[in-house]
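Across the two complexes that follow, chain A remains constant while its partner is chain B and subsequently chain C.
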Partner chain A sequence: MIQVVDLSFSYTRNKFLENIGFEVSEGEIFGFLGPSGAGKSTLQKILTGLIKTYKGQSIVKGIESKHFNNDFYENIGVDFEFPSLYEKLTGRENLEFFGSLYSKKLRNIDELLEMVGLKNDEDKKVSEYSKGMKSRLNFIKALLHNPDILFLDEPTSGLDPNSSRDMKNIILQEKKNGKTIILTTHNMTDAAELCDRVAFIVDGNIKALDTPHNLIMSKGASKIKYTYLDGTEKTGECLLSLTSHDKKLQELIESNRVLSIHSSEPTLNDIFMEVTGRVLQ
Partner chain B sequence: MTHWKYKRLSISFMQYINQIARDAMLFLSCLAPVLYGLFIKFGIPVAEKFLTGYYSRKEVLVPYFLIFDLFLVVLTPMMFSFASSMVILGEIDDGITKYMSVTPLGRGGYLISRLILPLTFSFVVSIIVMNVFSLTINSFEIIIALSFLSSVLGFMTTMMVVSLSANKVEGMAITKMSGISMIGIILPFFVLTRIQYLAILLPSFWMAKFALEGKITYLILCVMVSAGWILLLLRKFMKKTM
Partner chain C sequence: MRIINLIKGDIRFQFKYGFYFVYAVFTAVYISLIFVMPQSWRERAAAIMIFSDPAAMGIFFMGAIVLLEKSERVLNSIAVSPVKTGEYILSKVVSLLFISVVVGIAITLPAGTKNLYASVIGTAFGSAFFTLCGLIVAANISSLNQFLTTAVPIEIISFLPPIMYLFGYDNMFMLIHPGCIIISLISGNSKHLFLLLAILCMWLVALYKVAHKYIQNMFQNAGGVNL
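Showing the complex of A and B:
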């Protein structure tokens, strides 16, 4: 669905995006992870045809991004990080206006509003909406014309936990419906939960690219932490794969002196720090 | 698909009209040329009659009637330019301008519906206003030429406001400042020496020279100077909305 080969771009004379390469298959959720200013949004701008002065290849649905014509946008939906809505129009009026720009059959506006819990607020002006409500309206605006590819930039940003959960469920449902989704985020939990594969972007380069599970397993190892009484409460730790070599643990188990025992895996955030040397959240 | 291209343009242009209609200040500013036209058509001759009687002179304002006409011809595009600028700045604030680039309307379609269509509309309105209210210009060809030049000036002013301001408040300030560029209209009437050519970078100066002397060269110079400014400002605007 998307092929990027040896892509480079810079706003100034200094290098910014360099030798970027990846492929995204149809029906996949692909995540760009990285701190602010890493180049995620710039990459999204290139993929959506907003930036055309790049070097290398950026092919979306068989067409080079710099050569998209307007009709191409019938096939893609974009949810920018910050809402792009007419503040003086109501939620429904916004959807009706933006929907009228497409020649495709639109999805049912009532169902979309219902899906994100805005049905009761459809006749309120957007200026009266909360930040979260605007984000949800902006999100369904991108779904309105039922695009094949969705570009989502921080889709759960500013949402309360319930709305964030609902939003993630909708994204997963859209994937089930066959959509290819490009997710840009700095939220590792969202990325680990939603993405089939993720790319770590730092300083305009892809530092790692794989499934969240493979990244975690290749760079980290599961551990066991245990506590026991030895006069005072003490703590021990060993790798899960080396449990049989931990004589202290064996001794404690045999004498029933273990107070607690937990296994722990590194998170995607830990792996990001290890690979890039940078902190995300 | 061509049918859809025009449909999208008309939908976007109607949205522009709706925004003006919903905003009392923008709506009234588009009526300003008619109010000014009524003033010069009926008020100025009365004032002239009073002044000639008062000063016992044959004519007082008559030599400057063309200046009133030139301000009339630029007022329509200027007011539409103001309305366009405010709509575009509002849409930049709301993130709409950037979003339109990823819809089938596209950035080009958006700019046509916000700059070219209002310009064309103001060109037509300007011709009508001049035909109805002009004090001195009777030639239809000259009215068309001046309406065209003033529309180009209006386009340039819109580009100046939307490129150089970050929000509506700054936009209003720059709109007021852009009024200074209209000083070129009166220079050829009052500065008769070569010093007047200090204003060669003001398109309004060449428009006034064309209205005074009727030379096509001045018309071409007005278009060329305006085009230079427009290209410069358009580049800045494109960078701003990317």
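Showing the complex of A and C:
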């Protein structure tokens, strides 16, 4: 669905995006993770055809991004991090207006509003919506014309835990419906849960690209933590792969003195820090 | 069909944001002023009123409209939609042209302007001309202060020669200036109509090309994500 080969771009004479390469398959959720100014926004502009002066290849649905004509946007939906809505129009009026810009058959507005819990607020002006309501309306605006490719930027930002859970379920449902989804986020938990693969972008370069599981397993090591009584409660720790070498643990098991035992894996955030030397959250 | 939807959307936007209300109040004030003026002043006063407001207010209204669209980030969504730059410009021009012509006629009729169709043509061309100027300015600014500092010099350049022309400095060379042609038409002068319209069309084409370039840049800067 998307092929990027040896892509370079800079706004100035200094290097910015350099030798970027990745592929995204149809029906995949692909995540871009990186700090502010890393180049995620610029990369998205290239993929959506807004920046045309790049070097290398950026092919989306078989068409080089710089050669998109306007009809191509019938197949792209973008959910921006900040709401892009007419504040004085109602939720429904916003959907009707933006929907009218597409020639494709639109999805049912009532169903979309129902899906994100806005059906009862459809006739309220957007200026009366809460931040979370605007985010949800913005999200379904991107789904309205049933695009093949969705670009989602921080889709769960500003949502309460329940709405965030609902949003993630909808994203996974869209994937099941065959949509290719490009997710840009700072939220490692969302990325680990939603993305089939993620790319760490720092300083205009992709530092790592793989499935969240592989990244965690290849860079980190699972550990065992245990507690036991030895006068007072004490804690021990060893690598999962070296359990048999931990004499203390063996002794505790044989004497049934283990109070608790837990395995733990590094998080995607830990791996991001290890690979890039940066902190996201 | 998309262009019709865009125009409808722009008219609805202008209505909801109170532009029509403002126009209704101004029109009522202008008509009242026309009626209290001596008969001999009315035609010329109406020409100045129409030129300076329904026709030329496009430059200020367009600044306000685009700044509102920028502040509400709707340009981000339009930039990644099938809307072409030309359609966006045309929609803005037509939506303001519609209201300008209606208000222009409302002021012209009580003033007793002899040549209504020339006045309507002048108002329509004036509205298109100043809306394009407004779009060019608005595409390059991000605050109201920036807009005013850029728009005011354009207003002065656009306004002074036409006022001079209307009050007797009617050298033929003045008719190269689009504002002079517009005010000449608004005041009911249809002499050399096709020549004047041809000159205005050339101005509009040139302005459209400049506006197209800047609006396209505006979309490229608006789209994407600010992270």
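Throughout what follows, the second predicted complex is superposed on the first by the 281 of 281 C-alpha atoms of A that agree within 3 Å, B and C clash if a C-alpha of one lies under 4 Å from a C-alpha of the other, contacts with A are read in each partner's own complex, and residues count from 1 in each chain.
Throughout what follows, a residue touches a chain if its C-beta (ideal position, glycine included) is under 8 Å from a C-beta of that chain, and two chains touch if they have at least 3 such contacts.
Since the structure is predicted, the reported quantities are computational estimates derived from the model, not experimental observations.
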Fit or clash between chain C and chain B when superposed on chain A: clash
According to the stated criteria, A:71 is in contact with first (chain B), second (chain C), both, or neither; which is it? both
Quick check on the superposed pair: does A:234 touch chain B, chain C, both, or neither? Answer first, second, both or neither. neither
Touch test for A:184: chain B only (first), chain C only (second), both, or neither? second
Between chain B and chain C, pick out the one touching the greater number of residues of chain A. C
Which partner does A:51 reach: the first (chain B), the second (chain C), both, or neither? both
What is the contact status of A:213 with respect to chain B (first) and chain C (second): first, second, both, or neither? neither
Classify the contacts of A:153 with the two partner chains as first (chain B alone), second (chain C alone), both, or neither. second
Determine, under the contact definition given at the top, whether A:88 touches first (chain B), second (chain C), both, or neither. both
Is A:36 touching anything from chain B or chain C once the two structures are fitted on A? First, second, both or neither. second
Could you give the residue numbers on chain A that contact chain B in one complex and chain C in the other? 45, 48, 50-51, 70-71, 73-74, 76, 78, 80, 82-88, 97-98, 100-103
Could you list, by residue number, the parts of chain C that touch chain A in their complex? 1-2, 5-6, 8-9, 12-13, 16-17, 72-84, 219-220, 223-227
Chain A contact footprint on chain B (complex, rising order): 1, 4-5, 8, 11-12, 15, 19, 22, 94-96, 98-99, 101-106, 108-109, 242
Which residues of chain A touch chain B in their complex? 45, 48-51, 70-71, 73-74, 76, 78, 80, 82-88, 97-98, 100-103
Which chain A residues qualify as touching chain C in the complex? 36-38, 40-42, 44-45, 48, 50-51, 70-74, 76, 78, 80-89, 93, 97-98, 100-103, 141, 153, 184
